[in-house]
Amino acid sequence: MKLPIFFKNRMTEFSLSVIFVIGFLALVLTSNGVFLSRASLQGFLTYLAVPIAIGLAQMVVLCIGQMNLAVGTMGGVSCAIMAVLMADHNLPIWLAIFIGLFSATAMGAINGALVVLTQLNGFIITLGTYTILLGFQYRLVKTFTIDKYPSSLPEFGKRNILGFPYILVVAIITAILLSLFFSRTIIGRRVLATGGNPLAARLSGVSNNRSIFIAHTLSGLLIGVASVITIASLPGINRSIGGDWLLASFAAPIIGGVLMSGGTIAIYGTVIAAGVVRLVDIARAQYSLDPSIVSLSVGVVTLSTVALSEWRRRRTERQNEGMKELI
Amino acid sequence: SSSGDSAGSADGFGAIKVALVPGGAHPYFQPWKDGGAAAVAEFGVGGTEFNETGEWDQTKHNAAIDAMAAQGYNAFGVFGVSPTDINTTFAGLKAKGFAVGSLASCPGGYDIVKEPQKNSADFCLSTDTGKAAYLAATAVIKEMGGKGNLVHLTGNAVDANTIRRMDGVKQAIAETGGKVKLLTTITDIDSDLQSATKAVTDLLAAKGKQINGIVTTAYNPAVAATDGVSSTKLPIKVIAIDDDQKILDAIKSGVISGTVVQNPWGQGYVGSWVLSALGSKKCTMNTPGLYVDSGSFLVTKDNVDTYNDTRQATSKEILAAFQNEYMTCK
Amino acid sequence: MKFKKIFNDQRVVLTLLTIALFIFFGLRNSAFFNVDFVIYPLLRDGATLTVIGLAQLCVLSIGHLNLAVGRMAAVSALVAGASYQYWGLTLVQGAILGVLAGALLGAITGWIIVKSQVNAFIVTLAMDFALLGLVTFIYVTFTGATAAFTTKPAGMDYWRSKSLADFCLGPICGPKALPMMLVPAIFCLILVSFMFSKTRLGRELLSTGSNLRAAKLSGIPVENRVMTAHIFSGTLAGIGGLMLAYTNGSFTAAIGSQVMLPSFLGPVLGGTLLAGGAVAVLGTFIGTMMTLVIRQGLSVQGIGLETLNIALGLVLLLALSVGQIQKMFTSIKLRGKK
Amino acid sequence: MSNQLLISKVSKAFPGVQALNEVNLNLTSGTVHALLGENGAGKSTLIKIITGVYLADSGSLKVEGVEKSFHNPIESTHSGIAVVHQERNLIPEFSVEENITLHNPPLKLGIIDRKERTRLAKQALETLGFEIDLTERVKNLSVAQMQLVEIAKALVTNAKIILLDEPTASITGSETSKLFDVIKRLKSQGNAILFVSHKLEEVYEICDTVTVLRDGVSVLESMPLADYKQGEIVDLMVGRHLAERKAETRRVDRNATPVIELKNLQTSLGHRNISLSLYPGEVLGMYGLVGAGRSELARSILGLHAITGGEILVNGSVVKIRNFTEALHKYRIGYVTENRKEEGLFLDFPVRKNISVTILAKILQRLSVINPKKEDDIATKYVDRLGIKVVDNNQLALTLSGGNQQKVSVSKWLAAETKILIIDEPTVGVDVRTKASFHELITELANEGLSIILISSDLAEMVAVADRILVMRRYEFVGDLDNSKDYQSMSRSIMNSIQAS
């Protein structure tokens, strides 16, 4: 009775893991080992950190049935703030990082507050803040690339323990803390309850407004983490940062098994999904694929992954098959 | 913005307000402002305004141009987001009787040199992107010692300019008679620095050992390649593009071999004058739609401090050429 | 009472807001009332974005979304463009072909969703990637250095530049401010709104969106309806793509690459529920126009990029919260009466 | 006997209805207080006001003598009020144990103590004597099981005042009696319990005092229940005298070809050798305990779950029903779900659209345009026939009282005028009068030639309307009895057949 439930709820994660392993091995074999070289793994893992962080940032908002369209510009702005503070006002790194994290969190909090106050749907609010922040990002960095800050930060981005880049470790730890937050703390559970059934949550003494506020704020914090990782892994900061975050932030959690209707989280799923997508980048470089081919294959990979998991799920859920949902 | 000294100055330039409208925000276009300002100061042009609200979307770009027109700007120096679409926009502006110049890129879809009459703008003052790319490629090939594997990093694959650049690089390689091989061309990584850096890292990780040279013909890839090569310490020669401070520093410190700079200042400076001359009906183009190369220059350790003077000089020459050869003035 | 009802209608509030904004900007700088450079292009772009908004609305009605809406537009532009360039079809023939291509893509998307039972978000996202690849590949391989189809069939510029003023019944001509592009847009608006408000099909779509299980148990063929919704979406996206191409002047891969978020903005501002079950067809037009008015209004004030987006976002949020506050106000009043 | 909860002159209005009008109620400790009334009388509204879901327009509320006014459910929970609302309020994605401890999960160093949580939940379910897998996600439970979880959820808070809004509506006799044992114990411990139900037998079994609401007015206020006969109470609720109607046995022609026939059917859910035949104009009852598998059998027949063996015959010919669309349009079979909120209603649609959804095809004019007039007429027809309490046909289903929602979800299938109708728990949360009229209706329809399969966990109902009763247990039929319409004997033989297997 226990085991099946365990699997039933983790089918997507499971099949994603399978796909990841297969893809990984395929790359190792076809690159006759090059992929296992320190440099390759380094690169692979380093740029895995950001997709994970922004995926989680989107996930926490998805779990209350809303979206955060501002992930990109929130990240862009907090990166810009950190860069400017360090480069132009030569603040110490730790302080800049703190302010970066704080500002991102604040932006999230503002999103949350606006959603609660105006009772407008989060989609519109974050679209609004997205636009506003786009403006601020330009104000902060104009069209230049800022990199006149202590090189110890980019160097930190390149350092690693046993081949694991620090910044990936940061991302993973964040993920673990997040899963503890959702599984073990009352606040976490309440946020999920709101996502699962707001009316019921309310009648059970949960304040949905608080949950919404918390979810958006948390999303901000996670974006802050993503920004720190970004600034540590890039040669500099300019207004293009965050430009490609939006779809990535949705892709990871949703491929990872999170429902857009809210109430679910899938932290491991998000992480592994980010990994699968990252494998495609590697393949692109490895086989010098044409980007159009890459896009095509990303499309196909995504589809097949989910189709497979769906097929597995339905096979295992026969016993108490519910209504076939078309979400 | 800056405004002319004598509004109704003798040659009527004072009545001309030039709108300089790039496709969107990009470091490349920033010198347009100074170029325009210089023209205002020097020739008493009524004023120039720089508007980068196009955000690389042809629809928004058109809207930006219309907004300028509504505000009473009567001469337009435009970089088209989509080379094949911009001619339609030009035609519209001409129909309203404005002076129009295509700056930094020419309408696409035909050979501008062979059939200038197809250009709906009065003229096109731009770097020959193909030529610039060729220049960069030959330079890096020289650095590579005339042989080895070359990689080309560039922007949007379905943009006429990008394709011209790719052809330029291919031409340079062809001239080596097979001694240099084009290992791969990575496109579509100019959209943001993160993708560019990621792509370069993956490339160097997968193929670093085989690569002897990298030529970049887009901004973010240039920054990324500079950093990638310096951090991996691979013996790879790099020729970047444009003269962002970061890149100039890299040249000075010898991380990369050089960069190919174009002439946006000249485009703003000369462009503003020509537009004013046309707008004030003082001069007319001898060959409407004429294409003029605004020049591209290879910058290396040797000339990194002096190239700007060269470039300014060239601009003056181009201006003279307009005044004496390309136009007839009363 | 009736009066209050009217003001509870989001569309009314939006319309008033939009008009208010329009006048406000006009008073600040009369250049904003310029027909040639402001009103006409505003309506032309509005028309196009509305049609694309409707494409999104069709899938929102069943609680799905279509992230590939822009890329579908690109494909039908591509097909039409190719047909003009290579097969020398007339404007209309090519257009029909293009729209059919859109419909086909919609059908495929819907079919995959139904068969695989996979979340529409993922399917359309995957579709978007796949089509992006396809479109790029085709333009690069077939059009060489141009990277676009540039052949303009007879009458194409007509749609870009002509207004109802050129469209006369005897002596009476339409106003110069109304672009020809409004015609297809209005056509779509009427059709879609008719379908959702009056027909069985519309009702079935909305029921599916409102409560899938209940719809299924009430004998509504939900899977077919999902297909239908996506086919409509593809078709409208196709029309939108053509409108974009005709306005811009050529058939490129860039078409539709920027419409994904705007496609949601119109419907959602108008009052369409992301969750499905309720649509605001006219609202889509108004919502779209409102955002355009704000943006163009600001840039006619000569506001540069460093302020434009900030102001745009602020005005947008402000305008919407005004509508919201006013709604709260009336509801409080209602409660107070008892 | 101190009075725990004193409600005086409480009024509440919603747009178009005065839901409560100066209602008084006095709930004393150590008693079970019945709150009775027809659908839409205001029972749930009153309970929602007590628990701070709604704010009363006027009136006062005293808890243990202290004036209180709750602005949200949290406050009421803090002052020791626990409630089982009429609508299920569970988090579908959460496990059973988590839902039970949702109000205040046990903590250790600020984080949730899972062991303790499991213990609490287990304990709660055990005291109730229900066994449901604690780690199962609630979304996978059957309606009845969810109801049990709801009750457990309220009881863990060990509050002094417990409000139960139709807790027994969707559970069967055995669970009900278990629940009553618990209620009796709580009562003896001096708790005050408010009990809402439409099943008067239950009310008389468990309650001491009674308040009756009619159209939002308390027509009987906190009186000893013993002083009133069942008939009198009913008359008070209805507002006029309601004649007892003697159920007479109907005769069904068992030689005709069955309209639907199952030959040892097997399903992917575990139903084994299911055989039955339903004859024209017959009302075939399906009785069973919670989770017996009746609803799922019905759904399997209509193609929702895979059939793994045996065959289905409609009018004598073997058929394969792929989905509800086919069932409705091709074989003219309808299914009234037991789960009105999730599967029966479009909550954000007006009543009109909810009723017309099955008959869109019939109300079309040119271009498949819906004829609003026809739609409205049909809606009105069933609103009248079932006496649905609405402001107008455009009232949102969401804002209807529980029982009226049930009526709407039945109406759409009556409107569909199918040949076969499978009705799953039709009178859950429906008041006595309507229940009676439902039963008449069912018999009427049967007489008009409609063949009906009635799934119900309400024995009295079974006996009242079914011609024949099939008893299901663990996905198998364990009894097939002709209905003598005599409650005593029938209930005995049914229980026997369940015990026997």
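General remarks:
Residue numbering begins at 1 within each chain, and the chains themselves are lettered A, B, C and D in the order written.
To be clear about the criterion, a residue touches a chain if its C-beta (ideal position, glycine included) is under 8 Å from a C-beta of that chain, and two chains touch if they have at least 3 such contacts.
Not measured: the values here are computed from a predicted model.
Fewest steps needed to get from chain C to chain D, stepping only to touching chains, is 1. Chain centres here are Cα averages; for chain A and chain B they lie 36 Å apart.
Chain B and chain D have Cα centroids lying 74 Å from one another.
Distance from the chain A centre to the chain C centre is 29 Å, each centre being the mean of its Cα atoms. Residues of chain A in contact with two or more other chains: 138, 291-292, 323.
Chain contacts: chain B has residues 25, 157 touching two or more partner chains. Residues of chain C in contact with at least two other chains: 136, 140, 213, 216, 305, 308. You'll find the chains touch as A-B, A-C, A-D, B-C, C-D. Chain contact summary for the complex, chain C toward chain B: residues 29, 31-32, 34, 36-38, 41, 45, 48, 135-136, 139-140, 144-148, 150, 157, 160-161, 244, 247-250, 252-254, 257-258, 295-296, 299-300, 302, 304-305, 308. Residues 31, 34-35, 37, 39-40, 42-44, 46-47, 50, 138, 142-145, 147, 158, 230, 233-244, 281-282, 284-286, 288, 291-292 of chain A touch chain B in their complex. Within the complex formed with chain A, the chain D residues making contact are 51, 53, 72-74, 77, 83, 85, 87-94, 98, 102-103, 105, 107, 110-112, 133, 135-137, 139-140, 153, 268-270, 304-306, 343. Those residues of chain A that touch chain D in the complex are listed here as 1-2, 5, 9, 180, 183-186, 189, 192-193, 195-197, 199-207, 263-264, 318-323.
Only residues 25-27, 29-30, 157, 183-184, 186-188, 191-195, 197-199, 201-208, 220, 223-224, 226-227, 231-232, 244-246 of chain B touch chain A when the two sit together in their complex.
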